[in-house]
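Which chain is which? They are A, B, C, D and E, in the order written, and residues in each are numbered from 1.
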Amino acid sequence: MDLSQYNLIWEYMQPELLLLLATILLFFVDLFASPRFLDKWFSGIACLLLAVVTALSCIPGGETNTLFAGMFINTPMTTAMKMVLNIGTILVLLQAHAWINSEACRVRRGEFYELMFFTLFGMYLMISSGHFLIFFIGLETASLPIAALVAFNKRGDKSYESGAKYLFNAVFSSAIFLMGISFIYGISGSLYFEDIAATAATNTALFVVALAFIITGIGFKLSLVPFHLWTADVYQGAPTAITSYLSVISKGAAAFAFIWVLFKTFSPAPEVWQGILYVLIILTITLGNLFAIRQKDLKRFLAFSSISQAGYIMLGVMAYSAQGITALVYYILVYIFSNLAAFGVIATIEHKTGKVNMDDYNGLYKTNPKLSLAMMLAMFSLAGIPPFAGFFSKFFIFASAVHSGYYILVFIALLNTIISLYYYLLVVKAMFINENENPIETIKTGCYGRTGIVVCVAGILLLGLASCVYGYLSELSLTVGF
Amino acid sequence: MNFLSLFVLIPILMMAGLAIARDMKQIRTVAVTFSTLQLGLAIYTVIKYLAERAAGNTEEMLFQVSTMWYEPLNIHYAVGVDGISIVMLLLTAIIVFAGVFASWKIEPLSKEFFLWLTLLSIGVYGFFISIDLFTMFMFYEVALIPMYLLIGVWGSGKKNYSAMKLTLMLMGGSALLMLGIIGIYYHSAPEGGTLTMNILEIARNNAIPHEWQYYLFPLTFVGFGILGAMFPFHTWSPDGHASAPTAVSMLHAGVLMKLGGYGCFRVAIYLMPFAAQELSWIFLILTGVSVVYGAFSACVQTDLKYINAYSSVSHCGLVLFAILMLNNTAMTGAVMQMLSHGLMTALFFALIGMIYGRTHTRDIREMGGLMQILPFLSVCYVIAGLASLGLPGLSGFVAEMTIFVGSFQHTDTFHRVFTIVACCSIVITAVYILRVVGKLLYGAVQNEHHRELTDATWWERLSAVTLIICVAAIGCLPGWISELISNSLNAIVERLS
Amino acid sequence: MELLPLAQQVIFYLLAIVIVVCSILAVTTRRILRAATYLLFVLLSTAGIYFMLEYTFLGSVQIAVYAGGILVLFVFSILLTSKPGESTDEKGIKHRIMGLIAAIAGVAVCSYALFTYKWPEIAMRDVQSINDIGHALIGMEKFQYLLPFEAVSVLLLACIIGAIMIARKR
Amino acid sequence: MEIPMIYYIVLSLVMFFAGVYGFITRKNMLMMLISIELMLNAVDINFAVFNRFLFPEQMEGMIFSIFAIAIAAAETAIAIAIIINIYRHIRNIDADNLDDMKY
Amino acid sequence: MEYTLFILVLPLAMFLLLGLLDSKLKPRVAGILGTLGMTVCTALAYLTAFQFFTQPRNAEGIIPSQVPYNFEWLRFTENLHIDLGIYLDPISVMMLVVITTVSLMVHIYSLGYMHGEKGFQRYYAFLSLFSMSMLGLVVATNIFQMYIFWELVGVSSYLLIGFYYTKPAAIAASKKAFIVTRFADLGFLIGILILSFFTKTFDFVTLTTNPTAIITESAGATFLGCSVASWALALIFMGGAGKSAMFPLHIWLPDAMEGPTPVSALIHAATMVVAGVYLVARLFPVYCVTPEVLDLITTVGAVTALYAAIVACVQTDIKRVLAFSTISQIAFMMVALGVASDTDLHTGLGYMASMFHLFTHAMFKALLFLGAGAIIHAVHSNEMSEMGGLRKYMPITHITFLIACLAIAGIPPFSGFFSKDEILTAVMEKSTFWGIWMTAVAGLTAFYMFRLYFRIFWWKDTDCSHHTPHEAPATMTMPLIFLALVTCVAGFIPFGELVSVNGQPYHIHLNWSVAATSIIVAVCAIALAAWLYMKENKKPTAMANATRTLHTAAYRRFYIDEIYLFVTHKIIFGLICRPIAWFDRHIIDGTMDMFAHVTQWTSARIKGLQSGSIQGYVWILLIGTLLIATITICCCL
């Protein structure tokens, strides 16, 4: 064993190691701090720790580094992806503050944060993996604790049902995923990404089946149609903080990981997986939209909206280019802000009043103008209305897909934006236009929650207009190399 | 800092001002101050433009400024104006100015109303000053979305349905447009060249392959055409206009629908001249149909706003029709028609709003003899009507004649025959205008309650008079404006030959 | 552990029959405790297969973790959640047909893929010693697995925390 | 060795899809879990067999199997925890009862 | 002669002044202001005429035409641009005089006639607007300028007909007038477009200098057997026919009588309705290139003349009678133009005659209308049955009316005789058939005019209505007297010296055979009228009963209005507008809505996918995977 490698490990695996360190610190805080101190500061500490992790590890490295003989890959782009996830997680934690410190949940507060951090760690592994074993461990680390989190609420709501649905679907799809990996192993004899790319015989049925199984495994996390069916039920039943975590962070991580798996492992046969994705994207966007238009429960509604968003995200994968990666990461970043703004508002209102139905939101603007505005901005951004960030991200992701020649696909996606606009406007309509005799009373948002929403709104407003974010990502993507 | 950006900056400041305004008085003060400022700026721009041209500046676009925005895609924030855009800017400024006065007593949520209205105007101004496709498209969509809330919250009738339909159909248009724009972008430079979004550069490169133009031209043309109420994608217009509040109808019919026409030639025709020539016949048929069809439909409507909306379909159809003739005169006519229709339809909607505000009905069967009760409004209505049916001395005539003469200069018999078809609309227009005037204003008072109505207040008068003066000014002295437009069109027309 | 070819075949077929029959029985039997028992047989037979393949370490892990650990967990929870002797219903005929379709289609697709694939002929060689396995699990070179080893520990920790959090009463 | 590799693979396929069948047809969640175990187990066989027959120089497949077993254990732990949680809520572990949220 | 500009500017200024101030001015002040403005205008017009006709002739004996003022208003293309300017040639100067004279008379007359009406100021504003437009029309330097003012007179006519805007009949009439003429104007516009497309010019001078070259060179194209140039000119004539109320576009004119009577005198008798004749005269050299269009004009004119004359014989509303008489007389002018050609002075007689008749007709028809106005003012009715025996009560009106009737009947020495005689001569020389036809119409003219005259002023001896009619005030009688005087002397103006087809002086000499015939016919007709209507009797009723069908048909104007009504209401509205509106709402809009509904419907139908059961989800997941794999295998391998 070569001890000199430890230096490198510290250097290249900084985000992962720092995150684990932060988790351990949280353990100790949870163990030794007084409950009153924790009531006030636990979220703060968690966010702070995560922020520190982000700040320390986001030093942009210049080139691609591999560790463990290719099992772990660290590139500037992967670091950026991890940072994107971190930002999202911080926002989720901010918004979860009010809920997690409520009487019913306070007891399991420590576990909540720890599990969040663990899943984040799993996602890091997925993104940075260069080997299917690591990838699989990452995938499981990122989904099993989430199943626990989904079933977090113990009172008489739908949390347990969601937990079971998530878990069984996750386990089943991971079994299929494993089957796929085993076939790939049978074909190439190695599970290192670069080995597979080098040796796989792509024009065999076995390869295709393996690819389909692997896409299923990851598509489940991304909730692509037809692997999406768990999404709505789980989003609806899970605690709102977890729903938002699932819908942005978990989905984002899966998308990032998907890029690497497809681009690195299956680069010899792009036309095969592009063909599959072509169909999946159309199905995903369309079905997501079709289901979304008839939802009344806002969390369920956002679930379907997030399904169709996943379809848009996949356009960046289809592009199979540096531009596509840039657009995808940017899209997810924007999506995190937009979706979390929506969830922030929903979480606040749900926490205070327990109402999540769209009809309950009628006349919200009269009583809660600021929350309504935030919600509206989120909806507009999700629908891709300028000058909000969603417009830019959508434009760039379409541009990247068109660049690779997918005119028809983009056209279908664009037609779907009309449907999506329809249901996003329904929410806006409920808040601004519909009359209501007893609207939700004026709500005073807590400090953390407010910060969370304000940051999201700021992101929605600024991410598009400030071109530096996209520019930075674009520079990073050039280091990926095709 | 380029002064053109002020067109966008002033409304932003206005929004800030509105946000801190406390009561109705302050809101009005802010709205009036800034819209006047904006009008001043528009006039200043025109003067400065003319001075610059007189000084011999022959650049295609003046006051150009280009700031790199998204470097990876070579997207710029690029602004510049030519004769057409400044005319449109002036139109917008006038209508916003008049619109502020027309919505003097808007309720409820007056602050929000003005905020949204201002956002709408940001989109419009931005669209007209942009010469970068991306920025242009962005402003285009910015202009569309406030419509939803403006109609939904402050509208009347089946406002939810209308607002949704309008928004979705226009977004459908912009979906086509987005694909078109991205497509143009990827063919904007010859093999190996730097791709660009700048309209002027794309035109200069002239690199869009012909077979691609066949796809991209319909996308962009229909995309913008939907906003220009092109048959059969015009159905948002009657419902939308009927449900919208006064100032919104004014701005939407007056300015927003012009975005469609402007976009059609600035993007579709200017950048894809080959396809424009090859495919113009298809759209000529569609627009020719919409000219006559809109007019016929207007003949049997009973709701004032529906009449006007269908009339807009007809008139805006004429705009697109003329654009497709692809010669300088007809296109000049198209721009003048945009200007003229913008002003007079805004006037119409303002008056309808004022009448509706008093009688609480827009059904012409329930009203009558308003001339005796509301002489000022009625006279204005007659003037608007006369402008609409193309009375010489008012703007409509100038525009229509330029279009007809220009279109008839086309060398192709097919185009000339269609011009004659379009000409027929002037008779039908007369029919429905006179029908309304006869039923609404003349005759005996239908509803005795109406006798107690009061005539226009000072702000309403100001709003209407502003527009009438503009309509008459263009109608009486069209020469300079026509020359201004026609000179700027040369560059576009040259590319077509 | 060299076996005679014939003995090897006999053992294989024996194991195969046990696996197939018990698998099917495990998913069709109405008694849940029996199902657990059949599963145990399947798991043990699988371990037998591993032994046949000379992966003795893997076989031991299989027996230790699966048969020893997981199955016990199963039995406990079965006893916790159902009364002894209680039989559980299968779903309706519709679901059974659906399941059958899925299973048969899956088998068809996979076997088509597997049978059409031209498997290379590789000369058999000795398996690595337990020593090598140990090195592989803590090495950082290629085909060495320190990182997964550490990572899976995090996973297990997370799952323990999660499971406890869910399962405890408060 | 006399026994062709494909026999092993077919064996594992049968096991896998027996699991699939069980998962789809059983109401009891523990039964579903048992089915899942079958599926995971089948995959493990695959890895080991491929490794042994095709790529005997390295131990990728076998080691993967070891990890897979560990992960399966973790899955089972969480799953059982959730099942018990459900049992606490509704005194029942029938999957059919979990369809409050749909459409 | 730059001051001619003021002839246009003054009325415009008056219009703006009176229109904007409206009720802020006292009615009296407004009336006087308007009249004063018109007076100045008239003075300027006379000065122009004097200066123009007395200027030296050029070598060919032609009075050189002048363009004292011209500026480019709107440029379309290199060659096509609308100029606004003033073009003075004999006919335009003649028209200036006619218009200003009649307009001034009407202004003065209205001071009395409209006294106390609501909207007096507005009335004067519209009168000024009309005067301005009409003057602008006649001095147009190019065809597009003419079109502009053509539209403006149309609108002023609309506004004035609908002056009593609370009266439903007036509203309907104004609408009808505008739409029918607008329809005709469409032809005019298309004609202009076609003509300008081939000739590349709007300018009258360019068009008329060498029309043959321009038209034959460019009009190789034919359409339905006729050259495109013919079509263009026919369409332009259609515009003229609409304004001049030629059959079958005449239907608006009788209804237009709903307007105030002075307006009828000014617009619908003297000036605007002859714009069509003026248009043809203006483009006469061009029309001469296409003789088939001239034949068309002749035919249309002749048919109209006869038709209107027959209808006029049975109308009972005195203004209607005058309206049909106007139509008939304008048709005379049209026929005269139709039979003329520009080869030499002699064949061009019709042109001169037409203009001459235009001039004289304007005067005596204005007189007739103003007289009728005085009568209506006195008896408060338009119906003949309410009248009779008025000669005692209204002597001035009676005398002036009689003079006018004699003039229109073509009795020497009144002006109508001279001009009508020239027309008949010209027609007779071209074609005997049309000559006899037109002579017959002239006879009818004399008959219906004197029927009118006798019915109003004789018939009964004493008036039986509730109040005694009285003579009109001086403001109304003065114009009557002035116009009567003009009617008496106008025939002796050496008109041919000033206006002729090619500008050279033409000495009018009466063709006595034609003149004698026409006089005899006229006298017979008058006698017949006197026999029937001098004294109250049953003969007219008996005759009407004897020819019931014809009488009713003529009284109902041969059902032309009904046909129009049918076409517009049943066909245009019923079969085009309504179906289109329905189509738009239900098919086009329905399709758009259908997209939404189909989406909603699909959404509702597929909700079963989301069944809520874990196994269902998993099954779909697995089958999806297998399908993907299968399809991909089929496609890729």
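Assume contacts are C-beta pairs under 8 Å (C-beta built on N, C-alpha and C of every residue); 3 or more make two chains touch, one makes a residue touch a chain.
On a predicted model such as this, the values are computed, not experimentally measured, just so you know.
Using the contact threshold fixed earlier, the set of chains in contact with both chain D and chain E is A, C. Comparing the centres of all chains, each the average of its CA atoms, the largest separation from chain B belongs to C. When chain centres are set by their Cα atoms, the one at the greatest distance from chain A is E. Highest C-beta contact pair count among chain pairs: C-D.
Chain nearest the geometric middle of the protein is B, using mean C-alpha positions. Centres computed as Cα averages put chain C at a distance of 7 Å from chain D.
Per-chain CA centroids place chain B at a distance of 71 Å from chain C. Averaging C-alpha coordinates per chain places the centre of chain A 32 Å away from that of chain C. Averaged C-alpha coordinates give centres for chain B and chain D that are 65 Å from one another. Touching two or more other chains at once are residues 16, 19-20, 23-25, 32, 54-55, 58, 60, 63, 67, 71, 74-75, 78, 81-83, 85, 95-96, 98, 100-103 of chain D. Annotation for chain E: residues 596, 607, 610, 612, 614-615, 618-619, 622-623, 626, 629, 633 touch two or more other chains. Residue numbers of chain B whose C-beta contacts span two or more other chains: 168. All chain pairs in contact, by the document's touch criterion: A-B, A-C, A-D, A-E, B-E, C-D, C-E, D-E.
Touching chain B in their complex are the following residues of chain E: 72-77, 80, 82, 144, 147-149, 151-152, 155, 158, 162, 165-166, 168, 171-172, 174-175, 178-179, 182-183, 185-186, 189-190, 193-194, 196-197, 572-573, 576-578, 580-581, 584, 588-589, 591-593, 596.
The touching residues of chain C, counted against chain D in their complex, run 5, 8-9, 12, 16, 19-20, 23-24, 26-28, 32, 35-36, 39, 42-43, 46, 49-50, 53-55, 57-58, 61-62, 65-66, 69-70, 73-74, 77-78, 80-82, 88-91, 95-96, 98-100, 102-104, 106-107, 110-111, 114-115, 119-120, 122, 124-125, 127-128, 132-133, 136-137, 143, 145, 148, 152, 155-156, 159-160, 162-164, 166-167, 169. Residues 323, 326, 380, 385-387, 391, 395-396, 398-399, 402-403, 407, 410-411, 414-415, 417-418, 421-422, 425, 428-429, 432-433, 467, 470-471, 474 of chain A are the ones that touch chain B when the two sit in their complex. Listed in rising order, the residues of chain C touching chain A in the complex are 109-110, 112-114, 116-117, 119, 138-148, 151-152, 154-155, 157-159, 161-166, 170. Put simply, chain A touches chain D in their complex at residues 132-133, 136-137, 140, 144-145, 147-148, 151, 154, 156, 158, 160-165, 167-168, 171-172, 174-175, 178-179, 181-183, 185-186, 189-191, 232-233, 236-237, 294, 300.
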